[in-house]
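Next come two complexes built around chain A: one with chain B, the other with chain C.
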Partner chain A sequence: MNMQTPVKSEAIVRLEGVVKRFGEFTAVERADFEIGRGEFLAIMGSSGCGKTTTLRMLAGLEDPSEGNIYLDGARVNGKATWDRDTPMVWQSLALFPFLTVQENVEFSLKMRGVSTAERIERARKWLDKMQILEFADRNVSQLSGGQRQRVALARALVTEPKILLLDEPLSALDAHLKVRMQAVLSNLQKDLGITFVYVTHSMSEAFSMADRVVIMSRGKIEQIGTPQEIYHAPRNRFVAEFLGSANIFTGKLVEKSGDLWQVETAHGRFAVKAGPTPVKSVGDTVSFVVSAEKMQISAADTGVPGLRARVVGEEFVGASAIVFLETDAGEELKVQKSHGELASIDLHSGSPLNLHWEPEACHVLPGE
Partner chain B sequence: MTRPSLFSLTLALPLLIWQLAFFAVPLLFLIAISFWTVRNFQMMPDLNFGNWERILTRGTFWDAYARSAILATASTVLTSVIAFPAAYAISFKLSERVKQWVIFVLIIPFFTSYLVRIYALQVFLSDGGIINAALGMLGIGPFGMLNTTFGTLVGMVTLCLPLVILLQVFSLNFVNRDLVEAAHNLRCGRLRTVFSVIVPSARVGLVIAALFAFILSFGDFVSPLYLGGGNPPTLSILITDITKSGQQWPRAAVVALMMIGTLLTVAFAAITYAYKERGK
Partner chain C sequence: MTGNDNRLINGALKLHIAVCVVFIFAPILGSFVFSLNSDRFPSLPLGHFSTEWYRLIWEDPFVWAGFLNTVLVGLIVAVIATVLGFGGAYTDFRYNFFGKNVYLALALLPPTIPVVIMGLAMLAFLSRVNLSGSAISIIIAHGVMCSPFAMAIIRLRLSQMDPDLEAASWNLGGNEWATLRHVIIPFTKPAIFAALFITMAVSFDEFAVAWFVSGLNETLPVKILGFLQGQVSPRINAIGSLAFLSSITLIILAQMLLRNSTKEKS
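Right, the complex of A and B next:
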């Protein structure tokens, strides 16, 4: 039922009807997807959507209530985390404060019975790779946020696993450092060629780093796809709203001529250019999105047919501005334009404007 | 450092007065009388180093000192080892609700006076007591347990256990659960995680719990006397013996000061060790 893009290579992880319940509460409701070898997959959603639970099931920190998880072809249900090669980077980083930086990195090698000499050599190699070799003998508490991040990565990667799990590792960093660490993570993943599964609530983190993104809400997977696919073709209202689109219209499909549809909404009849995916017949209810950048805006008295709405406010976003509007029915709409395009328009709160768009600017939500 | 305000000084005043009246002044007095002279069962102010010389050159004193130190160390180790699995289970395995009840139950022993509890233990440990009667039904024993080192240790551990478990539980509650999962995730099995992650994480609290056991046991008078028989004496028994024989309060003061000095040293060493950080 999900709009799935096939994984780019052979799968390293496969989730088959995975359900996780905590008592009465269902944290994950039937997760079915694959993660490719060498893929950077982000699992995104707001708090409580089940993204962390999904990651913890991959790590072996939670066992699924139903369904199967396959790692590298083998079913791993019930297999303890210490018997898997699925190192994880915690949101809190979970570095051992009673060990030095180097001892932290050596930890999992020590647990595997690697000899002291080899342990030191491998740990130092990773500290060097993460550019923190000079802090090897320091106490973890004396490092900055970014340096600690690097220790956590080195500690997880020192055993050279095939997959790395990351649970919102950047959420504690300030904006500047966050962007820098995103680049570090991206490059690291490309260099190593291993699979990264990255849980986050931040769209910018997910979309800037991931090959594919899984969007979850209340335990359900809403959409899986590349950032471009999801951005340009959200599957349903939830995903569209999650990505920040406000301009969602719902109406009845009254006429089809090829892929040019006529949709009768509360605001009038609109021509919609439907893509190849949605399967709808005349009489069906249809929802479509018009992205904020593709909306045209003009003064109310120009006589162009369209939708009337009143200005609520304006927000500056660098070189452009987002105008927030409201229809008489109370529906919220957003238009994003350059300052130049908006210069001639009266944007005082309450002033009426006319909105219109090309049929090609519409995207029909296939999952609605 | 900012200078403390008059307001905060006022808040500290009751504690200051209390400590001055009941700790600092008596301690200074104790130091002073350790140099006094006893003549005709009368104490007289003096600067006499003879009391210190007399005590510190006596084998009896050093025997008692070693005995007290060994007993206190044994009690500390025994209590900590017995307490830890229980504290671990309470902190890591019980639900919050059950945890609250167990902590309440652990406080119950403090409701009864220590002396009363020790009298009750005499009934258990004596030759014809409850334990030997039970063992007798199985055809073993009787074992002499009262008036032995074993008896003393039973008393000391009973005294220290509830407090040590509580202190251990509180320190284990503060162990970051992510560290435990991270250790498991890095291939550290359950038992190994206890020793290589949980114990080091809770080190400060565990050491302080052990320190309390040492302090309570080292100065304990009741268990060595009523369960251990009091002969040969520990330091606290030695103090009462000395005061009884010829009003030798100055010499008793020397023994007491040696005990205080020992506890200060042990406490300082323990706390330094507890807060010692790895790395530069």
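Right, the complex of A and C next:
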């Protein structure tokens, strides 16, 4: 795939045409990408998209059916997970219930034959770093969710690995704690300077922490890029829909003058500023998106040319609101505006409104 | 739980308990009472209090031999059956393979076979391979009969385990053996001890198969039959009371272990 942003430094992980099949089912279909040293990479997608399988292949818990995985320059296909140093933080945390907090953290050192004295010292250092030293002798079951999370992190990091794999580690926490742990993880990754590979289904987690995000669906990689790139320039319809805030239009390219295109859609003809997208010729089908916050909205009778739609609902989102509208053809559109901008407009359910946007607000989906 | 009070159900439950007590524990209690009674025959009214029958079995070398045989067999059987049971339970937990249901059915089958048939089959087989009539033959037979109990107990415990624990241990640098030793066995430890006690109790009480295969190395239950065939002696009451106490102790210990481990989990 050539649409990916180059990694910011040399790669620590390289996936080359990696395929994973379970019997008839293909969990991962040709994954080709690199992860940079010290990068925070998020792999995002809904459940069953192959993101956890990809992570488990990096950990050595699954072996690829095809392709190669390189870790720190060396091919690691077939290398057992216990011979790699790719610790994982589990969704269930998987802390050992029969061991104390300290013993949990010491575990991987013990497995590597580190002497008792050194084990204790190193475990305590990490417990201290994660601010849970006072719970060292407690049983895991006596800790709160956030504290357990810290134990899991300390246990994974105690060998000072170059890469840490995280499988939806925050999904069991409540919203408030989630935000705090996101900050902990973000800071930790910056402090340590090691690579984090973070699997999640949550866009807010991925976009707020990661340097780059891999979006997967049904085993395929849909897009790789920085959160900014993905947000402003989704590659295809799937990504645009996954992000959730975009309005997608499809039509026929009828006229080109430079990069200003005229696209004929079911809703009428729109001017689209194409930007650096793949070449399309007149007559081709083109899909473009207009993000909800770039939509302009006005009362239906102002005479401004645009798209007519009826209000179906409104959702409060902090300082702004999302207005959901429906065209006569039954297509749903979204507009996000501040409460101030919306104050002058009649937003009763069923009231007709006029939608319009600048040609520059459009982004042509290159992958469609 | 006032909302769930139902007089009919409560009454039925009480009756159930009463029936259990009368038909299960009353005979045992009776045997215990008669074991301390001076009269030769178990009849009312009772004679006076006496530890005579206990003194007699204490001084009987045959009873001692039977008892030692029983304990020795029980200890060895408990270890063998628990090791086998653990292997079966772990195989079930860890692997999926063709014919797994058949494997499980076969592994759990022995207790469903009528003991007389089992005993005969064991005798026929063991004598063919020249292992009958010795303590080893009882150990083999009891090992076969007891391992399904151990397997069931350990399987239950493994089913309470987060399957990620094992993978987490591998991921943290423990190979399969290290993981078995440092994660699987510590997690199942309460069930392993419970299995040891219960299989020992089962072996302790088992009579029919032991009778078929034991030859001259009789266990205590076989010995009791010997007493019964000769004459009705209150010594049987005394032996029975002691055997009951030993078994119930083992079972209660096992129950306590299993209960604590479930609590720890929740």
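To be clear about the criterion, the second predicted complex is superposed on the first by the 365 of 368 C-alpha atoms of A that agree within 3 Å, B and C clash if a C-alpha of one lies under 4 Å from a C-alpha of the other, contacts with A are read in each partner's own complex, and residues count from 1 in each chain.
In this text, contacts are C-beta pairs under 8 Å (C-beta built on N, C-alpha and C of every residue); 3 or more make two chains touch, one makes a residue touch a chain.
Note that the coordinates shown come from a computational prediction; the quantities given were computed from them, not determined experimentally.
Colleague: Could you check whether chain B and chain C clash or fit when both are placed on chain A?
Modeller: When both complexes are placed onto chain A, chain B and chain C end up clashing with one another.
Colleague: Of the two partner chains, chain B (first) and chain C (second), which one does A:W82 touch, if any: first, second, both, or neither?
Modeller: both
Colleague: In the superposed arrangement, does A:V101 touch chain B (first), chain C (second), both or neither?
Modeller: first
Colleague: Looking at A:N247 after the superposition, I want to know if it touches chain B, chain C, both of them or none. Which is it: first, second, both, neither?
Modeller: In the superposed model, A:N247 contacts neither chain B nor chain C.
Colleague: Pick one for A:Q223: touches chain B only (first), chain C only (second), both, or neither.
Modeller: neither
Colleague: Which holds for A:Q142: it touches chain B only (first), chain C only (second), both, or neither?
Modeller: After superposing on A, A:Q142 lies in contact with chain B but is clear of chain C.
Colleague: Of the residues on chain A, which ones does chain B touch that chain C also touches?
Modeller: In chain A, residues 59-61, 80-82, 86-88, 90, 92, 94, 96-99, 107-108, 111-112, 141, 155-156 are touched by chain B and also by chain C.
Colleague: Any idea which chain A residues touch chain B in the complex?
Modeller: For chain A paired with chain B, touching residues are 59-61, 80-82, 86-88, 90, 92, 94, 96-101, 103, 107-108, 111-112, 137-142, 155-156.
Colleague: Of all residues in chain C, which touch chain A in the complex?
Modeller: Residues of chain C touching chain A: 162, 164-165, 167-175, 178, 182-183, 186-187, 189, 264-265.
Colleague: Contact residues on chain B for chain A in the complex?
Modeller: 176, 178-179, 181-189, 192, 197, 200-201, 203, 277-280
Colleague: Where on chain A is chain C touching in the complex?
Modeller: Contacts found on chain A: 59-61, 80-82, 85-88, 90-92, 94, 96-99, 107-108, 110-112, 141, 155-156, 159.
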